[in-house]
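Attaching a single structure in structure tokens format; questions to follow.
Each chain carries a letter (A, B, C and D) given by its place in the written order, and its residues are counted from 1.
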């Protein structure tokens, strides 16, 4: 199924938290500074409804997104006031993918965990949490995964400042 | 252990027979020196010969192992020190001697230091019973095989000591595995050796060797009874486990337990464990050669005896050569197996020992006994 | 465990052991495939990405390689005398270099290459900052060219000045024409230098 | 023999669980990874992987270097399959740029990626043998891998970190005689492959060590997002090359040039260590078939698409997953139209596959634990990135 079909189906089954879709488009010469957008289409989802959205995607027999292939977050820039939480869904039965994006305000980056729906989200969310400082509420094991437990800051944020030293080891 | 050896050698000295130690004593019995000096000196000389023998055997085995593994793996192995690296073990030995002597923090210092010596000493004591030829030996005991089995089993104590004293979890694992494994495999080892004992009717290594003499020196025990070959295979598997060789190298399984009971050892102490391993391989192989493959007897030694007479000096030389070649042939097979097979798991080791080897060796004993009985009846009838 | 499994286990174990031993035994008797490294060496292909070398005469100090480097390990410094370069340094820090060859492609003059040399041992870290220059300062030819060019330029300027002075004396309106002549003369001298 | 049976016996004796720290320096962890095991004698009652010892900030670097400059860094997360990493990253950027790759470049990419898959599986084969105590297969595997690396050395000059497949195509064309040498490699490899099977895969001890050990049922595999041989070992017929084909794989699948080996539970339970190993070993031969197909069909032509010297990627984002030897290698790149990426996410298959250890490594013996870690075939460079 192509993206349009998936999106229509999501609308038809009233997937919880579905906000809209974003498809690549040409740059509009009328609008100044518009670069257009290339790449993949994705659907926008309310972060607070993410677990139920994933569950719904998995349960629906037409979509049957059994697998969360990737979950990550993106900091689009220092002048933006939100993170993106990106999830890539994969359906083994129907051989299609879906990119899901949730927009999360930087001021209050809290969203419910999807780890109870898909176990693979456990580690992905741990990584997101330490790298971006996003809190996943209800996560069964909210420790750091790649960074040391006492690491300060969230390295993949655009405003991250590199530490001078870590336990006496120079980081320069 | 040295005391036990001394005792054995001194005890031997008073008995008639052709014995290296007795010859030494007689040579040393000069007038004017106290009576206790010659036996002591003789024993010391004998001990040093055994130590030298064990060292040379271990060094050669190390070299052989490295060459065999190298060539099996399409590479050369050591090539730098001497011709095809034959001096490599000496270079290694020098390196090991010069290494820092480390005792880990929290280790039981005394046991940690004693363990490798204990392990080596027990194997040395076992080695003393192996005769070099019909005429040259250190200690000829009627129960020679018993002494060897007893002495080699005591190495386990040393290994457990090492594992306990190291204060490391990996070492402890290695030690416990060693203990479990050796206990399990002592049984099939002993039982499978019962078969040649029954066929030959003696525990003495010299006697069993003499028993296998015959035309072309090919009256080997392994040909005498159809149950000898399976008994040998069982014996061989058991000695693989006893010597901690792959596929039964669980006490030191490097991918699971880092280095098992040797994890915390380094330098010369570590090399003692290695020497023990190779000496034990040689020792068990020699036992196998004596009890299955004719001991000193081979077409060559038979021919030499026929041509030059039993008293000729060349006969002992050939006999020594024969037993060394036979032993190293078995050692070679052990190496070949090691570089072929994966390691078995600890529960499989136990299963194999208790469920396969022990019953099968009992079947062999039963079969061999029955065969002997019937054969004797046929001969008599 | 049924008796058949019991016997099958034994048979399979012995059989697969023998198969394995036959394979390893086969290799035991074959000639090893390894080489004795310092004595024999395997051939190194032309495209090998080893330690860099620089064709210094071609290099124009354009910094394209330094800009292409992902870890900024190339540093170059040269003083320009007109068209000629006086080389100060062209260093590559091999503590950082990851031999990706990205510096080689953007070079407009095709003058930086990766060689077949790979061994680079030192007790001192600073020695890993490798200077690729074969000579420092200016090449003799470049120097003579520069002196020649300068002399020419000087001569021309003098001639021009003389001319200008003469022309100025004659009429003050011919400045433009003299400028044009100067430009074309300079262009010729540059061509000659290249 | 069953773990639960032993546990019952142990309950009669008062025992205390012990914490056993496997790693960061341990021969079985294939790099610097630490697994904190709770053990009861030889029995592992719980395991918790601790990662991050090899964290090299690959994703942050991706946000700081230019598009093409990031290419050498992709070599370094899964260093055993650098070609596949190059391919994945290049495809992700190409996907945003929307450029067409010349056919010969695609052929060379496919050949290299599949050769690298063979090399990577050879390591998996060899190190798994090493984990289980068989040392010789490891060196046999290295012998063939050495040739593979020599082939790469000839085409791109490097032996491990190739940086060969670039955005828009490949860096160099194949040197003369290279393709025929690849063909020779394929012929020899097919013969050696049979030895691998006899020497290790069908060895009785090996089967006993791996069958029924570390069983991952298909449902668990999907729930954990496992991909690659782990998923196929559990009997799920999923291979991106076949199911969501990229590059030339659609054609190759149409020609029926290769098949997807699946675990079948032949010697034990479906999804055990042996099945995963079997899938890897069989995949090597399938890769040889793909390489052969490419060699039959390769034609001269350009090797790189027309791309500007300083790469500017149009604003946009794309996720591209390719079938790495270890599973799905995903690259999620976001561009704002500049020279540098906004986000360069790497979905390392090892990282995801490792998560399953927490659940599988319970109630197994210590020796099995090593076998299970080995059967996930992780590359720590990729788990930690």
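Here is the rule we use: a contact is a pair of C-beta atoms (placed from the backbone, for glycine too) under 8 Å apart; a residue touches a chain by one contact, two chains touch by 3 or more.
None of the values given here were measured: they were computed from a predicted structure.
S.K.: Spelling it out: a chain qualifies if it touches chain A and also touches chain C; which chains qualify?
M.R.: D
S.K.: Chain pair with the most contact pairs?
M.R.: Looking at every pair of chains, the most contacts join A-D.
S.K.: Going by the average position of its CA atoms, which chain sits the greatest distance from chain D?
M.R.: B
S.K.: Can you check how far apart chain B and chain C are, centre to centre, with Cα atoms defining each centre and the answer in Å?
M.R.: Once rounded, the distance between the two centres reads 63 Å.
S.K.: Report the inter-chain centroid distance for chain C and chain D in whole angstrom, where each centroid is the mean of the CA atoms.
M.R.: 34
S.K.: In angstrom, rounded to a whole number, how far apart do the mean CA points of chain B and chain D lie?
M.R.: 46
S.K.: So which bits of chain D are touching at least two other chains?
M.R.: Residues 136, 140, 143, 199, 203, 205 of chain D each touch two or more of the other chains.
S.K.: Residues of chain B that touch two or more other chains: which are they?
M.R.: Touching at least two other chains: 72-75, 339-341.
S.K.: Can you list the chain C residues in contact with two or more other chains?
M.R.: 9, 17, 20, 23-24, 27, 33
S.K.: Touching pairs of chains, which are they?
M.R.: Result of the pairwise touch check is A-D, B-C, B-D, C-D.
S.K.: Mind listing the chain C positions that touch chain B in their complex?
M.R.: 1, 6, 9-10, 17, 20-21, 23-25, 27-30, 32-34, 36
S.K.: Okay, in this complex, where on chain D does chain C touch?
M.R.: Result: residues 65-66, 68-73, 75, 136, 140, 143, 150, 153-158, 161, 163, 171-172, 175, 195, 198-199, 202-205, 309 of chain D touch chain C.
S.K.: In their complex, what parts of chain A are in touch with chain D?
M.R.: 24, 35-40, 42, 66-70, 72, 74-77, 86, 88, 90, 92, 95, 97, 99, 118-120, 122-124, 131, 144-148, 155-156, 158
S.K.: If you look only at chain D, which of its residues touch chain A in the complex?
M.R.: Going through chain D, the ones touching chain A are 51-52, 55, 57, 59-60, 63, 95-98, 222-225, 227, 236, 238, 243-244, 313-319, 321, 328, 330, 332, 334-337, 342-343, 345, 347, 351-352, 354-355, 384-385.
S.K.: Quick one: in the complex, what on chain C touches chain D?
M.R.: 9, 12-13, 15-17, 19-20, 23-24, 27, 33, 42, 44-49, 68-70, 98-102, 105-106, 114
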